[in-house]
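Reading through the structure tokens given below for one structure.
Chains: A, B, C and D, in written order; residue numbering restarts at 1 for each.
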Amino acid sequence: MTTLLSFQDLRKEYFGVPAVRDLTLDIRAGDVVGVIGENGAGKSTLMNMVGGVVQPTDGEMRWQGEPYRPRSPGDATARGIAFIHQELNLFTNLTIAENIFVDQFPSRFGMIDRPAMRQRTADLLQQLALDVSPDTDVDSLAPGERQLVEIAKALHRDAELIIFDEPTTSLTPRETARLFETIERLKADGKTILYISHILGDVKRLSDAIVVLRDGELVEQGAAADFDVPAMITAMIGRALGGLYPERTSEPRDDVLFSARGLTQPGILEDVSFDIRAGEILGLFGLMGSGRSEMARIVFGLDPLERGTLALQGRPLTGGVRQRIASGLAFVTEDRRAEGLLMDAAIADNLSLVAIEEFGRTPLAFLDKTRLARRTGQMQADMLIKAGDIRTQPARALSGGNQQKVVIGKWLMRHPALFILDEPTRGVDVGAKFEIYALADRLAAAGSGVLFISSELEELTGMCDRIMVMNRGEVMGGFDRAAFSDRDILAMAFGKRVPADEVAA
Amino acid sequence: PASAATICFAFQDLETEFWVAGHTAITRTLEEAGHTVIERNANEDANRQLEQVRDCIAQGVDGIIIIPQDGESAVTIVNEAQDNDVPIAVFNRPPSDLSKGIVVVADNASIASQAVDFLAKEAIASRDGDGKLTPMIIVGDLGDPNAVGRKDGFYAALENYPDDFNTPIEVASDWDAATALANLEAAVTANPDIDLLFTSSDFLFPTIRSVFEPRGMWAKRGEEGHVVMGGLDGDATACQLLKDGYIDSTGVQDLYFEAEAALSAILAAIEAGEAQPNEVIEDPGFALTSANLAEREMDMWGCVLLSEGFLDQ
Amino acid sequence: MTDSGPRATVSGRDEFPAAPSVRQRAMRLFLSDYFVLYLSLAYFLVLVPFLPTLSNPANLANILSNMWPLLVVAVGQTFVLTIAGIDLSQGSVVGFTSVIGAMLLATSASPDVLSNAPIWGLIIDEAGGPLANVPGGVLVAIVAMVAAGAMIGAANGLAIAHFRMPPFMVTLVTMIVISAFAIFLTQSENIRNLPESYIQLGKGDIVSVYFGEQAESRIPRRQIHSFITYPMLIAVSVAILAHVLLNSTVFGRQVFAIGTNRRAAEISGIPVRRVIVLVFTISAICATIGALLYSTRLEAGRPTLGDGNFLLDVIGATVIGGTSLFGGKGKIIWTVFGVFFFVLLSNTLNLMNLSSFHIDMVKGAVIVAAALLDVLRTRLIRGEAS
Amino acid sequence: MNGSARDRATAVLARHGTLLLFLLIIFVFGTQVPAFIGPENLGNIIKQASFIGIAAVGMVFVLLTAGIDLSVGSVMYLGPLIAGFAMRDYGVGVAGGLVVAVAAGAVMGSINAFLIVVLKVVPFIVTLSTLFFFRGFGAYLTSSRQFDFPEEIRTFGLSSVLGVPTPILFFAVVALGAHVVLSRTAFGRQVYAIGNDEAAAAKAGIRVGRVKAGVYVTCSSLAALAGFVLIAQIGRLDTGFGEGREFDVIAAAVLGGASLFGGVGTAFSAVIGATMIQAVKIGLVFTGINLYLQPMLQGLIIFAAVFLDSLRASRLEMLRRRFIRPR
């Protein structure tokens, strides 16, 4: 087979710090190439250079043998390269069809040819089994659906090379399966695919070849058949990882830390009750859109609650977000970019955001800047946040995993009693995942409670003391650690009720 | 003059014919006499004017002529100049304290009332039937004391005929043609039967014409539909309209007299080395009307400009 | 963020293997926070040979004295822009509070002028305002002005924070209503006859200098130059206070957080509404202090004080200093320099003796030129970095 | 099902709140002075709204990209002025004058666009400086004197076609044209995309610079057109014409629902906003309320509109939420 794309000593530096170092690599036409590496290894940066989003500092790329120097994403598109970015790149004020055609509308007499556009979009959506009208505003789509629109956009281009940068982070299992079928089909059509993911099992399953990056360098490459997951991990982090999950170091205590009773919000939640004990990690599983995040937001005081009561450490939880934070609640949202971080502010400012009032006696008092610097520096060390100077580097310039660590870190500054983690490991590398798990364990050991929301059943069974399952806004039941069974849990998530006596207290 | 002087000319604005004509008269006269003129336009901002006068003083000018934004800031500015031993003359808008500086006064209210008085008489004379007449006034920017003075003059004149006029209809213009157009059109739609119109400034006559013409209200004296109409300023357009018979009177400040008086007084003071000259020069003003047009035409600056071909540009 | 700035090529770097330290230092100057200050100074130095008056002490004193009131108002605007708001009502607050102060303090008033005004007989009459000759009256009046200003600001903030109304519209309405109300209160008139102690706040010298011969028996007033004045003290204190508030307090951090991402700030427990209300209140209070300085130096309470292009000067000076209209980026020193630039610009335009038919063109061109240099600087920073 | 009936009522209110308020305003003034709702006056309202309205349509383009154009007031002055010179000195006639005005506007827009897109100066500063520059250029051309147009321009300005006054006609054509451009052309949709996320637009391969340039050219062209159409009714251009209008124009667009932060708004936002403000102003003239009180009332009514709109927005947000189970 011929080489479609090759890199020769390709290098990219940000502020003098290399993100990709002198990388030399050939991509063969027709392959599915899995690209893996820790957070910040340079995967997205490499792809951004291919996609014309950033320009290399040095070195060169060749496309079908010709020198290739894209100055803009348009150049890449023109050559037949499609790019599904890690962070979604959709325009929420436009419709699905418009998003797909946004750089090149079909036109008739200068007007957009809407019927043609609609027809083509409907076809694409059907291929992806996304059952919505092409005229739906992207604004009203769920995250998973948005991801599929991005993919539809790439399909539409009929590109030679399609780059998927972590496409499955917000897909349901069914949507994921659909995506994999699509990739198989593209491959059968002779397309070349670069597939980046932290879900190593997926990478192994899909790829013909695997490329491993570490600190911007190519550390290993080879046929997918030559890799198994532990080998991939070793290549990525430079050492073997003892296991995917840390040992739990403590048992839940007997005292109930948090209790929810009869939470009801018409159209969203129906009679949801559960307890979390001190030192307990309670997993919350459900399919996308089952209402897990909605419940978390209600508990945190972000959304209204019509009926039901909440209590933390025996005291009722009332009031708004501020009051709940003061009572000991913490909430890592699933939408890092829009709700978790001040993207353009320095990392240290993000870290100190929640606890900022502790650094001045009153709002108008002087900030204790030395203590602030010490505490944020300490937090960077504790959380192993890979960054330059945290006082100047903006959160935007961090890799996804490190951004997530910043979000968690800012809450830790206040020693919360109940920690709600909504999809905390989404887009996070294995090493960092391990750290987040270990952190959940440490919190529990220290007597806090953790509500761990995830769509990855594996991590819940790996880490939790108990798993509760939601479906369509209701709690369907729960499982104690001893009774964990993937099959039963999934069945429940799809709506099978379990007799009440089997549900753990 | 024996020696050439540097004169700072600080005016508040250049937006209507009146101010442009005054500006031209003063700068040209000074330059022709060999003096240096330093111009400052405050764009209707009293604070900026104060800053500009201070800058002039710092520059070391020999004398200052200002057209102040209003009477109150004029007092402050006059003091500022006199404290720094620079002679100053105030042109056209009187300071609220007349005791300091060379002051050329024109009384907006009284000139307006002269012009409106003529209009009132005309309207009463041409009244058919004996119902009360409806007067209308286009008011200027309420933040501008000149506008308020003219409005006061209008009311003062009508007070003399309590039995002949209804409560006047006020139309806001903000000294802006587009606003005046919209508001006047609405006001005329709401009150189609007006008998007398007074505009606080002549520059609005073209706007009035646009509203009146389609309604058949733009007619010459004696023709069907003529509305008794007048304004204030005495500009070239008003002169033309007066001659053509579309309007009946306009209040006139004797611009050239004022400029002449201010100039000669300030130059005399500089010559004499007087740093704090104080003098009040009154411009009585008058109303140029259809009745006295023939004899007083050339006392009105607008007619002089008109005869020089101003409107042909 | 896309990396669109020009990158220094490798060969380009090699041409200056060890850049001379002078050049580096010049570069650092050019790239620092003080850029607009350097820009203004450079502008000053370029013009001095052509406009000798520019550097004369009287003119320098003028430049300074023109800076203070504008600075105070712009400091308030800086807070608002930093939370991604905008305050169009500052000008009307200036006019309104200047009337409040004057009607309380005037030592006498003329019925010819004010008898039509609704405040006549109610608050002010021939004998002046209620605080006319009361000891400590000036202080009470200032408190009243600040209270009035603060109320307007808080009302803006409440509407914006609690009902999520757009700041542009809310403050535009406030501008229309408050300025109309001020004009209504005096029926377009200005209130004069302010007490001397009040006027001192806007004009009074503390230290003056004289550069002439020592032997002169009578020193002409125009050769005595104000050096340290009350407005300077007031404005500098306000600026320092604001700087500390924005940079070194919890409140300041909260302001930046809201301006960067309101949603994330809310979820992180920042009291977003309270901070927004406070910020608009601060803005209005700054406008009130501006009113104090402006109206005392004009020696009258004027309902139209902050009219016209005033607002453009305030926002323009703040933005040219470097504060972003989109929030999250603002510094008080930037504003100080921005205001200095604007005042210097207007002063030099005065001294150039341009005809009034040319002045606006030159003004527009200079503003664009300054902004262009700023863009160049930003590009260089990026170039240096990559 | 009492709840859902109420929900439906709020839904209607939420979706059409601005329009309902508008009708309410008309109704209230109408009961005060019946002539207010006469066809002549309703026509006048739209005719007078066309001035700010046409420029506001252009402003919507700019606001959609999260830009701002403060120079419109000066463009309203300079555009017609240049057209006036062309008409007087080169005898290009009214139609020619109209073309010249719009072309002059386009040139001014290109100057803004060049500074913003190529030299990358922020729109606020660029248009602040061109605000001074364009007006200054006009003052230079005229020495601050008023400019009298040839007589025939008024025949055009006061004319009507099939009983519809020409200004309304222009307003309608501009609004419809802008609506078509914004909703049916690639350019229009890309304007929305840029306002939503400029960085993403660049990544998606949109030629961001070109689109933004187009937006500023459109805005200035329409501002010049607005000025020309108004001046055509008066026949004379005063030096202060258009001064301070930038705020009116932006306010009209924002009141109609355009956001200063980009991505939100339609051509009809400008129409509704401009007409509503004009209706209030004229209503106050009709009721003959004391001139000192008029601006205050006007402000309060606009406040009410903005307030209702914010309630509407939050209601809409509630209604737009997806529910995961039947209620």
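Everything that follows uses one rule, which is that a residue touches a chain if its C-beta (ideal position, glycine included) is under 8 Å from a C-beta of that chain, and two chains touch if they have at least 3 such contacts.
In this text the structure is predicted, and so the values were computed from the model without any measurement.
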| item | value |
| --- | --- |
| For subunit A and subunit C, chains touching each | D |
| Chain pair bearing the highest count of C-beta contacts | C-D |
| Where subunit B and subunit D are represented by their mean Cα positions, the distance between them in whole Å | 34 |
| Approximate Å spacing (C-alpha centroids) for the pair subunit A, subunit B | 72 |
| Separation of subunit A from subunit D, taking each centre as the mean of its C-alpha atoms, in whole Å | 43 |
| Junction residues of subunit C - those touching two or more other chains | 1-2, 179, 183, 187, 308, 356, 359 |
| Residue numbers of subunit B (touch at least two other chains) | 14, 23, 142 |
| Numbers and ranges of subunit D residues touching at least 2 other chains | 139, 143-144, 202-203, 292, 294 |
| Every chain pair in contact, whichever chains are involved | A-C, A-D, B-C, B-D, C-D |
| Of subunit C, residues touching subunit D in the complex | 1-2, 86, 88, 159, 163-166, 168-170, 172-174, 176-177, 179-181, 183-184, 187, 308, 312, 315-316, 319-320, 325-326, 356-368, 371-372, 374-375, 379 |
| Subunit D to subunit B touching residues, read off their complex | 33, 35-36, 38, 40-41, 44, 47-48, 51, 139, 143-148, 154, 157-158, 230, 233-236, 238-243, 278, 281-282, 285-286, 288, 290-292, 294 |
| Partner subunit B, residues of subunit C touching it in the complex | 53, 56, 58-59, 61-62, 65-66, 69, 110, 113, 179, 183, 187-190, 192, 220-222, 294, 297-300, 302-305, 307-310, 346-347, 350-351, 353-356, 359 |
| Subunit A residues touching subunit C - in the complex, by the definition given at the top | 13-16, 53-55, 57-58, 300, 302, 321-322, 325-326, 331, 333, 338-345, 349, 352-354, 356-357, 359-360, 362-367, 369, 396-397, 410 |
| Contacting residues of subunit D [partner subunit A, same complex] | 180, 184-186, 189-190, 192-193, 195-197, 200-207, 263-264, 320-327 |
